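The structures come next, written out as structure tokens.
In what follows, subunit A forms one complex with subunit B and a second complex with subunit C.
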Partner chain A sequence: MPLEVYLNVAIGGVLTGLVYGLMALGLSVIFGVVRVVNFAHGEMMTVAMFLAVVLCTALHVDPLVLLVPIAAVLFVFGYALQRGLINVFITRPEHSQFLLLVALAIIITNTLLIIFGPDARTVETAYGFDSFQFGGIIVDAAKAYAGAAAILFAAALFVFFRFTLIGKAIRAGADNHTGALVVGLDVKRLYALTFGLGAACVGAAGTMMTLLVDATPLLGPSYTLLAFVIVITGGLGSMPGALIGGVLIGLTEALAGLLFTPSAKSMFAFAILVLVLLFRPQGILGKRLA
Partner chain B sequence: MTRKAQSNSARLTRRAVTAGLGAAGFVAGVAPFNIARAAGGPLKVGVLLPRSGLQAGIGQDCWRGVDIAPGILKSLGLPELTVMSGDTESNVDTARARAEKLIGEGAQLLIGAFDSGQTTAIAQVAEQKGIPLVINIAGAPQITEQGYKFVFRNFPTGPMIVGDAFNNQKEVFAAAGHTPKTVVFLHINDTYGTAIAGAVEHVMPKFNMPYTIAEKIAYDPAARDLSVEVTKAKATNADALLVVSRLNDAMLLTRELVKQRWTPQAILSMGPGWYDDQYFKTLGKLANGPISFVPWYDPHKKLTPVLEAALAKSFAGVQLNTNHIFTFEALLVAADAYKRAGSTDPKALADAIRTTNITDNVSIGPGISFNAKGQNDKVKDGAIQNRGGKDVMLAPQSAANAKPEWPMTPYQNRG
Partner chain C sequence: MMARLTAGVTRRSAIPLALLLAALLAAPWLVNDYLLTMLIIILYFGYAGQAWNIMMGFAGQLSLGHALYLGLGGYVAATLFTRFGIGPWLGFAVAIPVASAAGAIIGFLAFRFRVAGIYFAILTIAFAEFARIGFDNWDYVHASSGLFVPVKQYAHNNPWLLRGDPTMFYYVILGATVLLFVLCHFLVRSRVGYFWLAIREDETAARAAGIDTFRYKMIAVVVSAAMTSFAGVFYAFFYNNLFPEQVFSIFRSVEIILGPIIGGIGTLFGPILGAFVLKGLAEALSSVMTAFGIDLPGVTQVFYGVCLLIVVVALPDGVWPPLARLLGIGRSKP
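Up next, the complex of A and B:
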């Protein structure tokens, strides 16, 4: 096969992987700071996808226009969820947290099923059939826009955590919980803010995902699983690791489909996970636990 | 006196128990007569279709065949049917559960279920419960190879579809004056897709086809992105695309062909999706060109315009297609069998279906009858092409009403 075929597939895989990465970034941020594993992550993304579908259809606007508003809605949802529900479980055993979030995931999926039914819903955009051609390289326009938006959103999040006072306070709370309490930080509020930010990442990723796939209520579990694969591959708690993991998984799925058989794409993503767990259990950019 | 009478009425005597048992026995004894009395009313037919989920578009299209049936069956002098709906949600387990539920609610005959996997599950339930199942659409050959006594299929099996498709392809190539030298074969990896892919492998050598298969690419029917599959297919430089798909993936494939700027000479489909109403509505001008080799209607049969008119009356703008034809014909088989059996007894119905001989039907072929395995082995395929938002018939020659448009107009030149 000519080189451009591999490049076409690789570019598509990287662009899809960036959106995957942003989704997983939310999971990584939440775990890195709050130390709670969000088992309702994929389901929260399907909520964002349906919000995007409903609003795009009703308002006749592009999903990219709704990126920030939907991220804001999910931020409020995440903030309220942490303050009202998850915070109560912070000091409880991990299995209690697990059951709470799995229950939440089931409730979200079934609520979506009741409201929208099990059918796939799509967003029609002006560039839905467009592509950019550079010689033999053809890039899907929707994937290019979604990938670019994912980079911008992730960059904004990095800037927030690196340069703002609240971002620094959140990182301080994550590094040393007792120290943060001693210097007078409102850790509960910081946790809620972090959960909100993680949910905002999912909101943005879900909005962009509507450009790539049709929304159905039953998507949630597969995306939760995918987010875990990405975060564990990239390194649990590492923000750059989540993005790198996303790109790696997207690229692996795409190239595996090309080189082997497309119906076995997911198998190769899990093979990467097994290799990482065997040879670098802390993930590509994760820190080794003492 | 009064007190004594009250005391007597409250006491449980041996005579009272005996009388009660006798009454219970009488009720149990006459219960079959209740069933016999029900035979006088309409036959309760459970129609199982994927009306939501991945195959919702096709399932709902099939249901149109149910909607238009009552008036036509009445005009043919056939008895009334009471239709009970069961949504399989495009899921095998749900299909099985819904079949059991419908039977539990009194369904005396089942019809369904478009998808081979779901139909296989329903067939098992029907056979266990001894309730006849008339398959409207499902091509996996194994369904009628199990020795079932209550399962009947008025739809061609995978090998029949493939054999007819090859014959019709030769006719189309001759009429077009073009013959592809290579094709790339894209197919779903579900029960139907795998059955057709297997049939292609086994049947193709016998037909001495003019093309070779450059590559076979299997994919998940629930796939959300088919860009890799199309890139891989395009890289083969094949003249034409041979596909077995469903509706959602047919639309996804078309989108990817447009995005990847590849218009093969022809798209040759051996499954649903490409001729569906929703395919036309969603893709507009991009829907034109694909040729489907599928079980279809014979425009020369006298019942065909009746069905077309009923569909046009109930669903303006919707064209008659495989989904309507074979769902309607399944109801036709049920009503015909009920009339001849004169009973709702499942065994009597199954025996009546086994001796079906309907010549006044819609699909291509001599009519509806079933062999010892419960398969209508005389039903035939046609070749249709999407043209100007409609389907035109290219083959078999006896039923054709148009010449093939070959090669397809490039997607980029369609405005």
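Up next, the complex of A and C:
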């Protein structure tokens, strides 16, 4: 195969990986601050995907237009979820938290299944078949837009956490829970905000994902697993780590799909996960936990 | 032997226990084939849940990849049967070392490299997913098109080949569930069992007290994996088909653990009670739906999800401990 083929596939993989990275960023932010592992992450992503599919078809608009509105809807969902349900569980054992979110995941997936059925749904866009050409390299327009939107969204989130007062307060709460309480921060509200922001990442990523794959309710669990693989690879709790992990996994999947059979591609993602867990459990950019 | 078997059984709990056992033994004469099949499925989940409970309930190691051991058991026995005509009991004898080896590999990697808690859970999922994708692409076991155990009409029940009517399957799974229950009863009161509980409660303290935590966690994984593999053998011969997408899926792993969680993690009756509660409610729901003419796939799963949610929120210890207190029998937790 000529080199261009590999390059094309690799670039496609990196762009898809950026969307993966944005999804995983949500998981990482939630874990980094609230210390709860969101086992319903991929399921929340399918909710965003179906919102995008339904709204795009009904309103005849482009998914890119819906990026912010859907992220906002998911933000509210995440905020309410943390406030109403998860907050009680923060002091409970890990397996208890995990089971709560698994229950939620089962409910989401199957509710989607009841409403939409198992069939795949797609979004029609004006640029669905367009591509950019640079010499011998061809880049899918849809993938390029999705990747660019993912970077912008992640950058906005980064700026928020770095420079705004609320962002700083959230990081303070993550660094030292007791200290944050002592200086009078409303940690419960900050946790809810964080969960909302994590969900907003998923909302944005899910909207972009409709440009890349067809939406089916059963995608949820595999995206949850994918988000874990990415976040653990990049370093749980590290924001740049999630994006780097996403790109790495996207690239691996794309190349594995090209070199081996596409159905075996997620095996390589899991192989990376196992290797990272064993040899660098803190992830590529993570700090070693005590 | 009998004295040790009845250790911890109070007079107050002996009578209900004997009645329950008698009712279960007499069930094939009391209920129709449909209900009997229900009971088979309930006991199957009770058995698998009990096997999972060894690892999580006793030793405190959360496995979310038990579908791996189930699938390996099923595939080993079904392959030996369809390819070489080797019966399921010998198949089980082969499945035990295979599943144990898988458990030992995961346990060794995880415990040596100190992968714990939620990371351990994810590692177990990763291995089950490995197996799912691997078997999905492995032609020797017919890859994704599935492995079928030939269904023939048998004039007589043949328990050695696990071919026969529901009554035979019922007694096989009842026997297995009772045996595993007794095994767990002994295990949890043995030296190993006490070490497990110590590790579950506080691993650092257990190590400080001189317990070789690595060794006892390994024993828990291997015993749990070996016992789970029988559930796989039973699954293969009861349903007569195996698809990697189904047997190794994360749904299967979650389904196995729902019973013990609802019944009560770390209790002996929890897994069985949980399976009864869950399947009983699901069955009630589906008959209500049939009565109203509603036919929607996914409703049962939503219902499972809601049940799990309620139990996790309202009864963090499961149904059994409060029920046992109410009946005034047993200790709520071993």
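Criterion: the second predicted complex is superposed on the first by the 288 of 290 C-alpha atoms of A that agree within 3 Å, B and C clash if a C-alpha of one lies under 4 Å from a C-alpha of the other, contacts with A are read in each partner's own complex, and residues count from 1 in each chain.
To be clear about the criterion, contacts are C-beta pairs under 8 Å (C-beta built on N, C-alpha and C of every residue); 3 or more make two chains touch, one makes a residue touch a chain.
Note that the structure is predicted; figures quoted are calculated from it, not measured.
Judged by the touch definition given at the top, the superposed model places A:L212 against subunit B, while subunit C stays out of reach. Shared-chain residue A:V37: touches subunit C; no touch with subunit B.
Of the two partner chains placed by superposition, only subunit C is touched by A:N110; subunit B is not. By the touch criterion defined above, A:D140 lies against subunit B but remains apart from subunit C after alignment on the C-alpha atoms of chain A. In the superposition on chain A, A:A10 makes contact with neither subunit B nor subunit C.
More residues of subunit A lie in touch with C than with the remaining chain of the pair subunit B and subunit C. Applying the stated contact rule after C-alpha superposition, one finds that A:L185 touches neither subunit B nor subunit C. Residue contacts after overlaying the shared chain place A:A72 against neither subunit B nor subunit C. Of the two partner chains, subunit B is the only one touched by A:S131; subunit C is not. When the two structures are aligned on the shared chain, A:F270 is found in touch with subunit C, with no touch to subunit B. Across the superposed pair, subunit B and subunit C both touch subunit A at residues 118, 261, 263. Of all residues in subunit A, those touching subunit C in their complex are 37, 85, 88, 92, 94-96, 98-100, 102-107, 109-111, 113-114, 118, 221, 225, 228-229, 232, 261, 263-264, 266-267, 270-271, 273-274, 277-279, 281.
The touching residues of subunit B, when paired with subunit A in their complex, are 52-54, 56, 89-90, 189, 217-220, 223-229, 231-232, 234-235, 248, 255, 258-261, 286. The residues of subunit C lying in touch with subunit A in their complex are 56, 62, 109, 113-115, 117-119, 121-123, 125-127, 129-130, 133-134, 136-137, 144, 250-251, 254, 261, 265, 296-299, 301-302, 304-306, 308-309, 312-313, 316. Against subunit B, the residues of subunit A that register as touching in their complex are 1-2, 5, 8-9, 12, 16, 117-120, 128-131, 133, 138, 140-141, 212-214, 254, 257-258, 261-263, 265.
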